[in-house]
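Presented sequentially are two complexes of chain A, the first with chain B as partner and the second with chain C.
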Partner chain A sequence: MFSTGFLKKHVYDLAAYAGLIATFILFLVFSGDKLTYNMTTVIQAGAVYAVIALGAVFVYSMGYMDVSVGQQVGVYAILIILITNRMGGTLAGVIISFLVILAIAMVCGAFNGAVAVWLKLPSIVTSLFLMFFFTGAQLLLMESTGTNSISIQATIKPADRNTYNLVLVAAIVIVTLAVTYFFRFSKLGKYTKGIGANEIATAQSGINTLKWKVVAYMAFGICVAIGTFIMLMRTGSAGKGTGSGYAMDIMICLILGGMPLSGGMKSKVSSALIGTFTYVLLSNDLATMGVSLNMINFVKAVIFIGIIFVTCRKKDNVLPR
Partner chain B sequence: MEQLMIEVKNMCKNFGPTKALHNVDVKFYRGQIRGLVGENGSGKSTITSIIAGMQKATSGEIFYKGEPWNPGSMVEAQKAGISMVLQEANTISNCTIAENIFAGRFDEFSKFGFVNMKKVNEEAQRILDSFNISHIKALDNINQYGFEERKLVEIVRCVSEDTDVFVVDETTTALSLEGRQLLYKLIHRLKDQGKSVIFISHDMDEILEQCTHLTVLRDGEIIGHLDRNEMDMPNAEQVIRYMMVGREIGDSYYREDYDSSHSEKVALELKNVSLGAIKDFSLTLHEGEIIGFGGLSGCGMHEIGRIAFGLEKPEQGTVERNGQKITGCHEAIRSGIGYISKNRDMEALILEGSIQDNITLPSKTELSKATFISPLKEKKMADKEIEAFRIKCGDGKQWVNTLSGGNKQKVSFAKWTAKGSDVIIMDCPTRGVDIGVKQFMYELINEMKKQGKAIILISEEMSELIGMADKIIVMKDFLITKEFMRNKDLSETDMIEYMI
Partner chain C sequence: MKKVIKKFAAILLAGVMTVSMAACGSSESNKGTGGTGTQTENTTGTGTSDAAENTKSVEGKDCTIGVAFYQDTGLAVDATKAYLESMSDTLKVTFKYTVLTQTDEAANLTKIQELISSGVDGIICTMDLGMTSIIQECEAANVYIGGYLCDYNTSYTSAFDQVFKSKYFVGTASDGQNPDDVTIGTTMFNSLVEYNKRNTEAPITHVSMAVFPVWAFPSQQAGADQFVAAVEEYNKTAETPITVDPLDEETDVLAFSPMNTTYFSKHADTQAIISFAAGSAFVYPTMVQAGVDKDIKLFTTGFDGGEEANFGTAGTGTYQQNMVTAVESINYPLVLLLNKINGVTFSDQPEVAERISSSQIVINSDEDLAKFQKSVYYTKAATDAIYSPEDVLNMTAYANPSATYANLRDMLAALTIDDIK
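Moving on, here comes the complex of A and B:
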């Protein structure tokens, strides 16, 4: 069996895996004859969170965070719809609109990383600025349309449910492979973990921390753009409230997956996937158990505070900068 | 009859597969200053950290004043009268000196929930004055002070009338002569008051002068105990060294040659550099040359090292290597300069990272091919250095914070040898390391010189500078007061008059 040392060292990983297994067992038990339907729901909901959370691994591994994700998702979704519709709902329109939001997401990432360093501010401050900026942009864009909700006039979702699920799974797999590669086998991941573990020592080892912070935020931006597109495939529409709550959801996913909030060498890509699916399965389990939406949020809040309580008791797991 | 204060029985401590302590039995009596000596990783700090509540033993027992003792934290230990000062900085930044001294003790100055800060500040200044360090002001922000003053504040914070056991863990390496004298007076006062002092140091002279008793450790086991009479024997130092290392170590472990020749090729140049109190400073370092910097703490020599590495940007003048200006540490490293910081745990190492992560960190560009960094290549690079430096560890995956001070220092050296740096700036490279590691590092520095590497050796140990440098620059008040060339007749006395 496992030694005490092993258990102590891997307690958060084991807890994360145990959480995922427990929620999956509950999912199997409560789904009953709706298993296939529920599985589809989990994949569709999970894909958005998984892709964004995977990108967030780069940011969280530095001990930083981004609270503007939700508002970014909202604005990007509206922009995709507006540009695509303006171009007559063509495939070219879809591609161009995606490239536009990809570029904006990367610029915002660069802004988040660079401004925080130049002005010596905690990155949460710059991401708060972006959050307010995007909240305003979302409202202005929606007001310009004169409606509460706009729909995309192009087919971006496969008609067949199985093909759609396959596309989502493929997206998760591709993003996971790409993030795993850059996080584990390239300078990006090695340096972001170094920044999280000891920024001074990392800089004194010759690493341009400003550059790599910017790159990390830009990589996150790419995942936010992809996640937004996946979300739009599912909903086909966007409005003033689109994306709200995503920043906190992503944070909860990562915490559930065992990501140390102070970042550093213990950061892992698997945290994003384990956390996301634990979170989505938990939401699904509670819904199938007949728990009301308000109670679901209450249960999530209790779980969140419980994890913070446990992890913050350790010196190396304090909240993000 | 000596009164027993602490008894450690059969204590074992394991860190994964590494056995840090193996069936250790040791007794600490009232009215004793017991030195603990041993190589880095021998288990000295592990024993005291368990006694002081920093960590738990794997097995074994401790008795404190005759009662079983198993503290849950350092606070619990301190409340029970056991205080410990550590090697690394342990003060709270952005707070005043007074707040640091009374951290966690504001209740003593509170009434109805309000802390009487006037009283706190007055009491703090009174204590500082009683320790003869009146130049440290209670109201000042601790950030204004250097490493040594912070260490003195820690000592002041630790010792109170309730202290029965005072543990000094390699603290003197951070202190100047003046600071050391202050600490010595304090531990002798505590001894005379019937308290027990546990004194860990790698400075053999200090150990032999200050301790009343000695316990020698090697590889987590007690090798022997010496009393004052045995410590006064003429060959005591050699006996102790033999007990520590398990092999003969000669009296001299510095360079034996007095050949200060070197290549004419310039490796690094500081041209008319000014920064703060440093004015118009110039230096030319050649390939195969070791330039030593000596002086009292605060003389400006550490700042010179930081400027040369690009960590501090000079207000005037330039730092150049191969005709290229060094404007930051990234350029410095790219041009083949390495830097071993005095503040090892804060600046040189990622403590919560593996040995492999640390050694390979500056070399990721060399290890990377089309963005891919091969884990095998990383392992190979780290393993090579672990073997070359004889770093005591399970494997390269072991975390640096589980290593002893000397092995940590080897890792910070290994970063630059793995990178293949041609100019290495060493700021107090043997601070807090044992004689075995020191000997190894001196051999390495000598070997580097032979390979044509250029070295700046900043040190507070004059014997080290005399023993290793081709040229010694003595500094006082940010000015060069004297330059000495390598010379067998050069003595510490010759240097001191230019330092004070």
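Moving on, here comes the complex of A and C:
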């Protein structure tokens, strides 16, 4: 049915789509009478990952990564709560707090992109710095509250579950459309892919790679801010460990979706969505299939290493720079 | 082409492994769930009938209860699992386990959602983090939830209406340290006095303390205050007064990390550490490291296994008191959940869920230790439990229409060292 050439060319995409379809079929089969409930949990858990992963496409397409995203999410969530509560839990408080974290996220993005170039460091090093910085900030902020967990005093989550899920779906759709536009039809997407494919050649073509790296990281920052707000809608509270693990989860989502770790021209927006929902559905499937809940991470790890083996493209430069 | 085939083979192998592991899991979890299929029949939340109407004993329905622990393994967790599994057939309950985190609400919510997705009818939760969103999930899925080893103080003080007044929350059995019902300070003081009575020639006259942060365990700070007050009262008439070093924020508040060795320079004259925090894990290793375990005694909560080698007159004699919550205290939320799942309630059931302090097993002497070593907590053998599966079944309102909530509360009060068989 498929020629060898077609398989060779599309093996990564086929593997990603096959994974999503397989997990979705298992989801339908094993959910039983909990199908409706499970769909809502998949949307709720998937929305945060999807939005952040969509933003991460810009960074990963350059062959870079950001390991500070989890700690950023934690600090932003705490800041939203603290500012909103300080302003009496009003709508204005929510809006202002969101704008504050949006600004911080963009500044951090710019820092990540620019410092790496100026100091000629791999971007992972600057994101490591940010990770430690935000870890400390998260602890200090929580210490100042004198509690393990703080809750937002404003109502940011629709009371009706269906409305809440619709809001989440709408958020995913809007962010997807925006990211798709900028990634496929604007200079940002073209240049980030170019940087991932061959940075020197891109620079030699007269493109200011520093500028586009900064813009890419800032775009990611916007998505991190939106993702944080969506996460806060879900829990309504934040604490010392909020966001931990997100950096790794986002990387797993993108890789499961077929995003090449080395970035480049084969980077796709669809990787974020396919990977996110494969990952979330997989977690749900393993639970509904009766796998011991303590074994789920182990099974995920086995699948992940399998996918890594399949999607490895180069002998060198496999890991992000 | 070879490469492509290799890669597909890798996917296939990963898939086969996943499915085979899943199959193992499902065959286990299917045990005992074949019967009446109760998952949705009784989950409207309105099915509770008055106990007055419930005059005949009814056979319980097959159901599944998820238990969300604070850690995956350890003496207490392993013993609790063994105890629960021993009751599985009698109570017709399949138990599923997961582990929560102390710091990430979203992770806890995901764990609870996984439990619900896996088909549980009720959940016993040992952590009060993200509870308002967890309760919302339980309400959406018609799943009941109860607490164990946790005072739910954050929810109690800041989200009482959302959590304790929810009809899906059945209440919690805390580990003897409800902030509004603190006795741990008095218990520690009594243990110290008992030690001094046994050792009149070399009584302990100078002690220091250690606690976990107040945001995590407010009752420990209250317990420390209670201990100091008890000592001050004692000193009014005592021939040999006891000195208590005031709590030092820098060294005495353990942020869930081992005690710093500077503790011993801050408390140079201390003869005993009264550790309201779990001393076996967070204090004793530092004592050994600093080489003071032969000179300073330790009175502490928790028992992780291995303490017996240096308890009382054994070994270095460092441990002179250990205090634990009996694993049988899990029967409180378990019975309340089973009642809900089976659509019955106690005639004297309070309208709003409660948090009840469980009595403590206090090990003060070699004799106490010998007794404790025969408990299910230590042996992990369900036959050593204070309450057998039949006893627990008898506590439910559906199997025993004359069972009462007062009896269930009494059960929590009868889990002391004297109650061990």
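Going forward, the second predicted complex is superposed on the first by the 315 of 321 C-alpha atoms of A that agree within 3 Å, B and C clash if a C-alpha of one lies under 4 Å from a C-alpha of the other, contacts with A are read in each partner's own complex, and residues count from 1 in each chain.
The rule is short, and it goes like this: a contact is a pair of C-beta atoms (placed from the backbone, for glycine too) under 8 Å apart; a residue touches a chain by one contact, two chains touch by 3 or more.
Source: prediction; values computed, not measured.
When both complexes are superposed on chain A, chain B and chain C end up sitting side by side without clashing. Contacts of A:Lys190 after superposition: chain B is touched, whereas chain C is not reached. Counting the residues of chain A touched by each of chain B and chain C gives the higher count for C. With both structures placed on the common chain, the touch criterion links A:Tyr37 to chain C but leaves chain B unconnected.
Seen from the CA centre of chain A, chain B and chain C lie at an angle of 140° in the overlaid model, rounded to the nearest 10.
Residue contacts after overlaying the shared chain place A:Ser151 against chain C, while chain B stays out of touching range. Residue contacts after overlaying the shared chain place A:Ile207 against chain B, while chain C stays out of touching range.
Between chain B and chain C, the minimal CA-CA distance in the chain A superposition rounds to 9 Å. Common to the chain B and chain C interfaces on chain A is no residue. The residues of chain A lying in touch with chain C in their complex are 4, 7-8, 11, 15, 18-19, 22, 31-34, 37-38, 40-41, 44-45, 48, 146-149, 151, 161, 231, 234-245, 283-296, 299, 302-303, 305-307, 309-310. Against chain A, in their complex, chain C makes its touches with residues 1, 4, 7-8, 10-11, 13-15, 17-18, 21-22, 25-30, 39-40, 72, 96-99, 101-107, 109-111, 113-119, 129-130, 132-133, 137, 140-141, 154, 158-159, 214-216. Chain B contributes residues 14, 16, 309, 311, 329-330, 332-334, 339, 341, 346-354, 357, 361-362, 364-365, 368, 371-375, 415 to its touches with chain A in the complex. If you check the complex, the residues on chain A that touch chain B are 5, 181-182, 185-187, 190-191, 193-194, 197-198, 200-208, 264-266, 316.
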